[in-house]
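Next come the structures, one after another.
Okay, so chain A shows up in both of these, paired with chain B first and chain C after.
The block that comes next holds the complex of A and B.
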């Protein structure tokens, strides 16, 4: 029963969502499918709670075992501080409204917003900015003309890089501008590869969905 | 000369840092003509009739703020200049303060009123399921705005029941859920004009949708932001960022060339040794 009931629910729900796609707007199956989507949005909201609970559980477990203890403690302190301030003091709607109606002044934050603006914003930007150093090092080491294919890859990468520089728009190879070359690379060879990946991934999703609906793939039920 | 292929990475980091910081401090910048894609988005907004509704989905976070926030501000400048209503939503929880900051920077100085000319419906979970739901109804998942005001009492929402009532959707996206999901879950069903502003690393992923006409244009990375700032004649962080970004790109190309000179010399020497 523990396995059969979820399998039957999955089969009915999955088949129903596929069938509803072929009904016109306003029909009963279409309306019922809309209700199922509402459930999905609500369940997704609860997933935030589940995810937070899971990260607390995993971090506590690792901290107790002494695995990356300092990092886990920092993570938990930051998590509880931000969550606590958010839950107790909330996101002050007056402050947000003061932004939108133009009465906001610098320094006019509640603690939760202060953490976002003064900690999270610069930290997020810093983490993303660090990529430039890794990319520089990786490009220097990896882009070597070891073969014809590697040479083509290198040439393409250099052209796309140069295409991002504004004044290169005025440069040209013969009658063809650098902008046109970069645009052609993005629109033709890039799209050909991306489309192949997209179609392959879509086929994989269709196949996996059918296996789940028909009960062939059961790993989502847990256990063996 | 083989040492050219074995430069210590710390030197690479140091030179790169200098090449980015110097133009940043001296405010050196480079200007170029806006891309065709940016021009297409510009003309799509220019051709909107008075009172048209534009939905801006700000799906980014602090990590991508450097690239997307400047294009968000530039697009708001253009929209505020036109007599159109703007509805903002966020698929990413951390997008709300960023879009509110952009609205505050542009809409208040332009003399626009919250609730009448623009509204922020805020963040809602659900990702692509939420987009799918908005095809049928925007009011069901967003019964109130960010201040708890029922959407029925917001003038900017008058006559807007679903995405069918929206003249243009602008997806400012840093990943998933984002532009790809807007195409797959909504644009493919309703066929509305969809413009995208994305990070430079995301741009190649959504080019297939530009080829099919499902996207009217793409603003890619900081260059996209600079292009749009140029078009609306509001040079900001995008244009200012072209200096450090351009010198950084040129340095990467230089390092690639140096690395290959060292590699080829070493290979020739090795072959000579074998012979």
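The block that comes next holds the complex of A and C.
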């Protein structure tokens, strides 16, 4: 029973979604499929509560046990401060009204937005910019010539890198300019390999979906 | 002879129905038929050979290494939400990996980015530990929701790598810009790393920074490979044979678009040359 009910629901929902694809836009199955997708969004919204509960529980346990206490305290303080400001002062940047203190000053960020724009966004941008250093160290390892394949990779990478430099469009090998070599590498062998992987992955998706819909793949449900 | 409607602006239709959808339906039905046929065949006990996939063959060894070192394994099921099939594939693989980890009495840490993935991952790991006969070894705190912000999640996960020092990192599912940050941090922390994704643009980063990488469709084959379930292996064979058929169709399409004789033939049948038929298919 514990496995049969989810399998039946999966089969009905999955089959319905596939069949609805073959109906015209605006038809009843098409509209119903849209409704089912909306249900998914609503369920996901409830899951945020579960996720937040998990963060609080895990952080409290760890802080109590003394594991990474400082980090956990910072996390909990930030979580409750942001959540509290959002609940008390509202989150709408245009109206700035809240049920507790009335109208917030027009034309200013409310504190919730301020935290998002001045703290979270720059921190995210900082993490993203770290990629520069990681790309350099990963490229160094990838381009070490230890085999014929690595040598070809290095040669191709050098050509592509050179082709990206603006003044290299004036440099040429015989009659062929450097940027057209780069363009050919990116548009022909690169796209061919990408498409091969994409086509394989797309068929993998269809196969995986069918296995789940038909209940052939059921390991995610656990044992009986 | 079907009535095929062709005008200059609208998509090609057959009896008033979009030809693209009709062809897709036929191809999908063929694909399904292949998978079902070989699944039923495998159910009757016929053995199926699956080529060795290095990344999956190393999974046992990777978990074993963590056990020997007395450290946990870290499993990241991508950062997409649960409606992404890559996340579902990652959850299925998580079940198999957690079973291996449970049988070795090793912790499995699973950070999640999507709040809906978190309870599913928790249930999957819990079930795996129960199936392996070690329900007591399952620690609820090891499956964690970190943040739904991409880089906050990345910071949290790299923090786990540096503080809890997992000996094995597994990255399975959909990844974007954070892929290299995660993989490089794991590399610097000295962990053995296996990644798998169908996001083509992230594959080079994983190949450069991980010990093994599952490329595209291998991610979807992983569950069958790890579980050795005859039905799943049969379905794998069915989908592979369907791929061969589609490969032939693709070659035929290329030939039709490029060979003048075939092009003229299509022009006579459909009233459109092949390249235009292909362009107006969608």
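Simple rule for what comes next: the second predicted complex is superposed on the first by the 169 of 224 C-alpha atoms of A that agree within 3 Å, B and C clash if a C-alpha of one lies under 4 Å from a C-alpha of the other, contacts with A are read in each partner's own complex, and residues count from 1 in each chain.
Convention: a residue touches a chain if its C-beta (ideal position, glycine included) is under 8 Å from a C-beta of that chain, and two chains touch if they have at least 3 such contacts.
Remember, it's a predicted structure, so these values are computed and weren't measured experimentally.
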item	value
Contacts of A:87 with chain B and chain C, given as first, second, both or neither	neither
Partner chain(s) touched by A:51 [first = chain B, second = chain C, both, neither]	second
First (chain B), second (chain C), both or neither touched by A:127	both
Which superposed partner A:168 touches (first chain B, second chain C, both, neither)	first
Touched partner set for A:68, first chain B, second chain C, both or neither	second
Contacts of A:221 with chain B and chain C, given as first, second, both or neither	second
First, second, both or neither for A:1, with chain B first and chain C second	neither
Touching partner for A:148 - first (chain B), second (chain C), both, neither	neither
Contact residues common to both interfaces of chain A (with chain B and with chain C)	40, 44, 47-48, 120, 123-124, 127-128, 135, 137, 139, 141, 194, 198
Chain C partner contacts - residues on chain A that touch it in the complex	18, 21-22, 40, 43-44, 47-48, 50-52, 54-55, 57-58, 61-62, 68, 71, 120, 123-124, 127-128, 130-131, 134-135, 137-139, 141-142, 194, 197-201, 203-212, 214, 216-217, 219-223
Contacting residues of chain B [partner chain A, same complex]	5, 7, 9, 12-13, 16-17, 20, 30-33, 35-36, 61-66, 94, 97, 100-101, 103-104, 107-109, 114, 120, 124-127, 129-130, 132-133, 136-137, 140-141, 146-148, 200, 203-205, 207-208, 210-211, 221, 223, 226, 242, 245-246, 248-253, 255-256, 258-260, 263-264
Contacting residues of chain C [partner chain A, same complex]	21, 25, 28, 31-32, 35-36, 39, 81-83, 85, 88-89, 91-92, 95-96, 112, 114-116, 118-120, 123-124, 126-128, 130-131, 141, 144-146, 148-152, 154-155, 159, 163, 177-178, 180-181, 183-184, 198, 200, 203-205, 207-209, 215-217, 219-221, 223, 227, 229, 231-232, 235-236, 238-239, 242-243, 246, 250
Partner chain B, residues of chain A touching it in the complex	25, 34, 37-38, 40-41, 44-45, 47-48, 93, 96-97, 99-102, 104, 113, 116-117, 120-125, 127-129, 132-133, 135-137, 139-141, 143-145, 154, 157-158, 161-162, 164-170, 179, 183, 186-187, 190-191, 194-195, 198
